[in-house]
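Letters A, B, C, D and E mark the chains in the order given here, with residues in each chain numbered from 1 onward.
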Amino acid sequence: MNSQNNTEKVLSVRGLKVYFPVKKGIFKKTVGHVKAVDGVSFDIYRGKTLGLVGESGCGKTTVAKAIVKLVHAHEGEVICKGTDLLTAKPSKLRELRKHIQMIFQDPFSSLDPKMTVGNIIGEAVKFHRPDEDTEKLVLNYMEITGLRGEYYKRYPHEFSGGQRQRIGIARALATEPSIVVADEPVYALDVSVQAKALNLMKNLQQRLDLSYLFITHDLSVVKHISHQIAVMYLGSIVEIFNSKDLKNKTVHPYTRALISSIPSSTPGQKREEIILQGEIPSPMNAPPGCKFQTRCQYKTSICEKVKPELEPINSSSISSAQKSPLGASNLPPVQSHNSVSTMPNRNKHLQGNIPASELTHLVACHNWRSLPFNIDNLHFNIDKKAGNIAP
Amino acid sequence: MPLTVGLNHKKITNESGAPNNGHVRPADTTNLKNPLKTKIYKDFPTKCTDNDDLLLQIENLKTFFHTEDGLIRGCDGVSYSVKKGQTLAVVGESGSGKSVTAMSILKLIPDPPGKIAGGRILFKGNDLLSFTPDEMRKIRGNEIAMIFQEPMTSLNPVMTAGEQISESLILHRGFNKKEAMSNAVELLSLVGIPAPETRAGEYPHQLSGGMRQRVMIAIALACRPDLLIADEPTSALDVTIQAQILRLIKKLQKQFGMAVILITHDMGVVAETADMVAVMYCGRIVEYGTSHDIFFSPRHPYLKGLLRSVLNIDNEEDDLYIIEGNIPDPLNLPEGCPFEPRCPEKMDICTKQRPEPFFFGNVHYACCWLHA
Amino acid sequence: MNNILKIKTFYLFIISALLLAVISPKAEIDYISYGIFALLTLIILLISLAIYRHKKINATTIIKGTGELVWRRLAKNRTATASMIILILLSFLAILAPFITPHDPLETDWGALSQGISSSHWLGTDDMGRDIFARNLFGIRVAMGIGVTAVVLNTLIGTLLGLLAGYYGGKTDNVIMRLLEIWNAIPFILLAIAVMAALGTGIGKLILIVSLSNLMAFARIIRGSVMTVREFDYVAAAKVIGIKDFHIIIRHIIPNCISPILVLASLSIGETILVIAGLSFLGLGIQPPMPSLGGMLSNGQQFLHENLLMSIVPGVTILLIVLSFNLFGDGVRDALDSRLES
Amino acid sequence: PCAEAKEKVLRIGMAKEPAKLNPVFIPGIYGEAVAGNIFDTLVSYKENASMPTPLLASKWEISEDGKEYTFHLREDVKFHNNEKLTAKDVKFTLEAIMDTANASPSKEFFEPVERIETDGDFIIKLHLKNPYAPLMLALGSHTAGIMPADHVKQVGMDAFDSHPVGTGPFIFVEWLPDERIVLKKNPGYFLAEPAIDKVIFRPIPKPEVMAAEIESGGIDIAQNLLPQDISRLEKEGNLNVMTIAGLGNSYLGFSYKKAPFSDPRFRKAVYHAVPFDAAIKGIWKGVGERSYSWIPDGVFPFDTEYMKSRALPHDKEKAEEYFNELKKEGILQDGFEFSIYTSQNPHRVKIATVVATELRKYGLKAKVESLEWGTLFPILKNDSGCYIMGWGSVPDPDRWTYKIFHSGSTMNFSKYELPEIDEALDLGRSLVSSKQRGEQYIKVMRKALGEDYIHIPLVFKSVTVVTGKNIEGFTPSPQDYFHLVTEKRNVTVN
Amino acid sequence: MLNYTIRRLLLLIPLLFFISVMIFGILKLTPGDPAVVLLGERATEEALELTREKYALNSPFYVQYVKMMGNFFTGELKSIYYKENVIMVVLKKMIPTLELGLTALMLAIAVSIPAGIISSVKRNSIFDYTSMTTALFGISIPVFFTGILLIYLFAVKLKVLPASGYGGSMFTIEGLRHLVMPAFVLSFTMMASTTRITRSSMLDLLQEDYIRTARAKGVKENQVILKHAFKNALMPIATNVGNQIARLFAGAVLTETVFAWPGVGRLAVNAIFRRDEPLVFGCVLILSVIYVVVNLMVDLFYGIINPRIRYE
């Protein structure tokens, strides 16, 4: 187990943008872009989990895919081990690939049905560690993920969803990654199986000191596994907070609405109901200004014009934010202490000077201070210990 | 305003004995003094139900699938009942037979390989299993409607939303196309679709998942059924949309006084909506009771485990509770209690004999030898 | 019992290898016998493999590869099994032709023109006194050999094009599919006639032209399934691991697109044999004196009154071969049908 | 409809569609067969294939030296467009044939003609460079059908081809390619009014289909039937089957220049190796007569007996011997592969197949390539080595021999080249006396076929025509023509 | 939809260009001399040379190509054999081809679609087995074999139908009598494949969730099949039928050969054999264009029945 106070960043994402061109007309000209991811920045720390939640179509999967380079990112940086993955040379990239692995949503389509379990897991081993005894390693990973050794020669279709997800996890682990991007890994599973998978992932995190980017749209899942939660809406992160703050200390109206829509777990329990009207707008023609304005009941005129940036919620930032409410730099620059070289700051909004230890709770909303539910929730006495971990 | 449409239907069919479309409801001709009824009550678990409120009663329903690999008992002796205006939630793991039971009610089991092998489905006192296909057709969509799990594939891609809604109105209400279409538009606005006139003319692929599910609900509600079967109506949808849809169903249920069978595997949804709950495991009901019974005094080890393993934001535990093992292969179920291999409290008898229901009060029962 | 079976297939394999060694110098057209032999051996190997697997399954019951699953379905399908047996039988007849009939298919007997069924000529003789049965056997050999070879080639080329188009998409896709569209737009029979006229007739050319005939269908279907498979997460997983495109195609894409390829291939063998027979009927396929079923039929058409056997025998034989291949293809399709899978 | 019912229609099945109907362009017998009913020639061979009889020319004179021919035309002849036939039409027609610009296939038959002059409206004179015996044949063949000069000049040669106008018994109505050619009767025909109202020629390329058509009554006259169909139809007796000796020879030719075919021993070996007698009998059945020379029995010079004696019998040992000798000398390799080229005529394909089959027994890998004429011709011209072809139609020895054996001829596929032969052939053309000419041809045949075995003559195909019982007055012509109205006959349909 | 149509139409231009180049290329690769064919066996070398000159057979390929294309578009490309405008020649032959093809197609559609639907609905019934077996035979039996057997039976033995040939317009008794056998033979194959396609796509569609929805609505079974399932099955069927229509214009060479039917297929085949280069070029080009255009129309028809494309 690593120390609780580890604040080593293993992955820094800055100003990530992924646009998909929309082609129309006789000559299939590009008439616009789906701004699937529109400037997303976050850090992932060693041994910690960042949960990414949001509605369908808000760009969660695209973030994940951009990080592992399954889709081409338009702009931004993804720094791992001091190298920007997005601009890395192919040889370097291949080297880096083994540090970031991915677990997929659908346990049925993520395993090649024509390969045995051994081959599926062994593929990664053979590729990245060709000198070692593949079978031994594979059996080792199978054991870690709770798969019995005799499954080695079986095919995926002989397994249940939960077991398949374990195979997927074993495959991801086989390259000995430090970061695992998990895209809705428990979505397709039954409740009881979900619990198993989550326990396994947590367990593995502790044993192997893994960092997760855990994507889901289920807040109860994310609360359970994450140290820090980022809420995404239409390609942008609207709020990042410590998972312990989920219930009472969130600020953004969208986050609040998400939380309130979770059904309560016992009958007869009253809960605050903020049911969002309408659906998430198409990312192709997102409104200017705040993207959430179309569904926000607290909309003011500024929301229509200015896009809110993430700003910290804590005592120090409050004062600074009050002084210059907007445009303040929010995210700290990537620290150079952990072998991450200082990188050129291509994006203006990335510049800033807030120390990492103060990063606790960020929100992108113009009016968060005046929202009714924040009155009693907002306690600026941030738990120092948690703040240090940054989840 | 849109409500009047629905109310009118009700009047036509219920109050004037012979509805204008000429079809006679089985319920009107055969009254509740069905000779079979007393017998049913004798061994039916829900002993003290108020008879007059009883809308649907399933007794010992068996639906089997004769597949290449062998016999699958999709639902194996299921009994439950639904009262007028009540919500019955059916929960259970994937493959536990929730959908099969529901589809058996409407006799929509694909044959081959499926066959309803036994039992009775009494709807307003009449056994649906004895109905001819034509009689059955008149029940479907009219008195019992169903919403399916997959909003993406459950709508016909080459028909507009309006057409698909008006179809059942034309069928069961004898409307002409124009009337049906204007009713369809009203139904669309009833289920909360903005700009219903334009949406009525659109095809499923032009609608988002949430909207499609609303259209499905509109189709189901078109003839104001007495019973709505909603088979996981929200599991394919987003949390926010989920909440909207559930609220909509609840609202409409209240308005129309429908009974609802809500199939789900989300305990949260059950907690919020259900009056009665049936917990299924491997084609059987393992515990049955009011929502309060199920959540506050669960008896079956499976249910207990299930409730403990449920994720929720109030749960502060670090490690989640896990029911060990997997559900058994439906092709070779254990002889005794199907949960026995995973049961933390199993006994000798569990391997040998299938447990019968044991009652705790009037309705609440569990099928487990622990309570024998 | 299983042991016996295993030994039997093994010896079957050896025997057919020996047979080939004996026959091949005798056979005029060596590569046809090789083609047929390859097919036969493949079938026998498949059978033995299946038996072997089956045995294993009986032992452990759980291990089920998809191949085994497919085989089991195929074996359960009675018509498919029957057609397979017929095909194997026909292949054996074709391969063993010189041993089955004492007559040389080319030998003319001017004393026995256009005879009916007799003890020395089982199906009579044709207008040049040649034994119809012998000619028919050799005709089967040619038809099946060329048909299978052409389809194999067709499949290989079509698969390659479809793979490239489907996997890389974009411009590659556009270029390949447009070219195929052009190729496809020209009516095949005319193309075949023109090309045969251009290059001259001959088996090699026949195979070439026929194997280029169905490219569009193959490429289209394979492109479609590659595009589906390409989107599966396991391909993404392989990419995330860092595996190169070539290996992804070889290890993940091809094995998962094999079902439509197999189905299409087995369904198009029959069609291909028909096309070849049609070309021979038009006088463009196989050149005399080599016996061909289409040529025999076209010749027989002139003798409808005199000797119906001359058209009935090759006609029915074509029908039988094509029918068996089609039935077999249907069986393969049903067995590989993904809807039924798992 | 009532009038139509009485209309007498004769439907004729043809093995092949005519390529052209403009006599100047007509390349083969099918065009001639149709044109023979639309056009008339100066003289006629319709009734007697060896002696010319008057037709458009009522009489003619030939000068002593055989260099000047004078024809007196009938004065009562009108073209179908009502123009009167005059000497200038004849002059125009013959000159059109000789005009290089028209590239007439019949041009060479008029090669010796120096000039043509008219003498008044009804006398025409042909001046030759040298005596030329086959001239009358050339004038009598349907490719020398007389065209209306003014009309042709007006519409052009090509357009005339698709709408021919002649003086013959029938008037061209329409030509639907691959479907039918329709002619109607010319009521003012100068010989007699045709007894038939309408003639329809239908191209039916498949002989078995033709047989079925005549049987089912779809056509009234069928030609080029298969032997088996002929004997069957004959047996059934519902139809008239008429057979006469034909004039077309089929032969197996070898290259004179290309080894191993150029070695006479090879050719003899092939002759010995194949049982030609049996095979020809089996393939042609009743419809052909074994040939030993290029010149058929009925045509001078009569030398069949000698030629027959020079034919080589089927003798496997001799063949073996020759082949072994050749192999020993290295002229022939074991497993030598070659093609026997032939047209798509089913009989020829079969005999080629027999040859190929038999030769395989001696370790020669022969295969048959039966090609369409357009592909075949260039191959044959380039010295193919071994081929089976056929040729001939008009009853004069020159027709067969000159083209086939003269070293300057394009049809000399064997590339046979001997000065003595060329000389004899040239002489045979220019002599007038049949006897003297005959000697030349005997010389050629004996040398080429009796000694060199450059060809193996196979069969003179006889001509068989099957007609419905309701057809009256029709007889087949040796050239596969359909003569419907002549001074001696007027075919009719009952 | 409009954009889609326009784009597809624009794509035709390069497509046709390449097709024409390819046809021309094959044409020029083909040995054999059109002049020889034209002039026949007796032609002199001189005459041949003249003819080659006349039809520009001696100029460089690109000149010949440009000339041919130019002539084709100005309608001056004349068949060597027919001496008529190539387009006219083809159009004339199109009549018998279409009479035969469309009759066969109508027959095939009229039989196969109902048969396919019934088979899929009454799966594993006697009807299903019979029609599927027939269909299997239909795709397995060579057309020329069926043709021969029919001629033997109806023309030779029973003498009720003419053995072959074209009897004039199909709206006359004689024309119709001639049409019966070839149309049946041709339609048999079409029938077979359409029946199979119909059945299998209907079987697929009957499994769809929306069919279950329709049943749950209480829609009558025949409505479920015709309105819900068949409407969707139209798409694969349209592809199949469209393909057949497109091919149909090219004529059914084999059927036309067996029955001596004077259609486009035989025209093209004969043109190839006769080395009638302008006609081959024009004919194949026209047929290819028709093929491409018909396919385009099928795709557009798709657009009409499939709203997904219509609203693209």
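The definition used in the following text is that a residue touches a chain if its C-beta (ideal position, glycine included) is under 8 Å from a C-beta of that chain, and two chains touch if they have at least 3 such contacts.
What you are looking at is a predicted structure, and each value in this text was computed from that prediction instead of being measured.
Visitor: Find out how few touching-chain steps suffice to connect subunit B with subunit D.
Guide: Steps on the shortest route: 2.
Visitor: Return the chains common to the contact lists of subunit A and subunit E.
Guide: B, C
Visitor: When the C-alpha atoms of subunit A and subunit D are each averaged to a single point, how far apart are the two points in Å?
Guide: 91
Visitor: Could you grab the centroid distance between subunit B and subunit E? Build each centroid from C-alpha atoms only and quote it in angstrom.
Guide: Their C-alpha centroids are separated by 53 Å.
Visitor: Would you mind pulling out the distance in Å between where the CA atoms of subunit D average out and where those of subunit E do?
Guide: So the centroids are 39 Å from each other.
Visitor: Would you mind pulling out the distance in Å between where the CA atoms of subunit A average out and where those of subunit B do?
Guide: Centre separation, subunit A to subunit B: 37 Å.
Visitor: Please output the residue numbers of subunit D that touch at least 2 other chains, ranges allowed.
Guide: Expected reply: 206, 372, 375.
Visitor: Give me the residue numbers in subunit A that touch at least two other chains, ranges are fine.
Guide: Within subunit A, no residue contacts more than one other chain.
Visitor: On subunit E, where are the residues touching two or more other chains?
Guide: 31-32, 151, 156, 207, 257, 273
Visitor: Across the complex, what residues on subunit B touch subunit E?
Guide: Within the complex, subunit B contacts subunit E at residues 106, 108, 110, 133, 137-142, 145-146, 148, 150, 153-159, 164, 167-168, 171-172, 203, 205-206, 216, 219.
Visitor: What part of subunit E is in contact with subunit D in the complex they form?
Guide: Per the touch definition, subunit E meets subunit D at residues 31-34, 36-48, 50-51, 81-84, 89, 92-93, 96, 151, 155-156, 159, 161-166, 257, 260, 262, 266-267, 270, 273-275.
Visitor: In the complex of these two chains, what residues of subunit D are touching subunit E?
Guide: So the residues of subunit D touching subunit E come out as 19, 27-28, 100-101, 103-108, 158-159, 161-162, 176-179, 202, 204-206, 209, 212-213, 215-216, 218, 372-375, 377-378, 391, 403, 410-411.
Visitor: Looking at the complex, which residues from subunit C come into contact with subunit E?
Guide: 178-179, 181-187, 189-191, 193-195, 197-199, 270-271, 274, 277-278, 281-282, 294, 297-298, 300-301, 304-305, 308, 311, 315, 318-319, 322-323, 326-327, 330, 339
Visitor: Report the residues of subunit C in contact with subunit A in the complex, numbered from low to high.
Guide: That would be residues 62-66, 232-234, 236-243, 251-252, 255-256, 258, 341-342 of subunit C.
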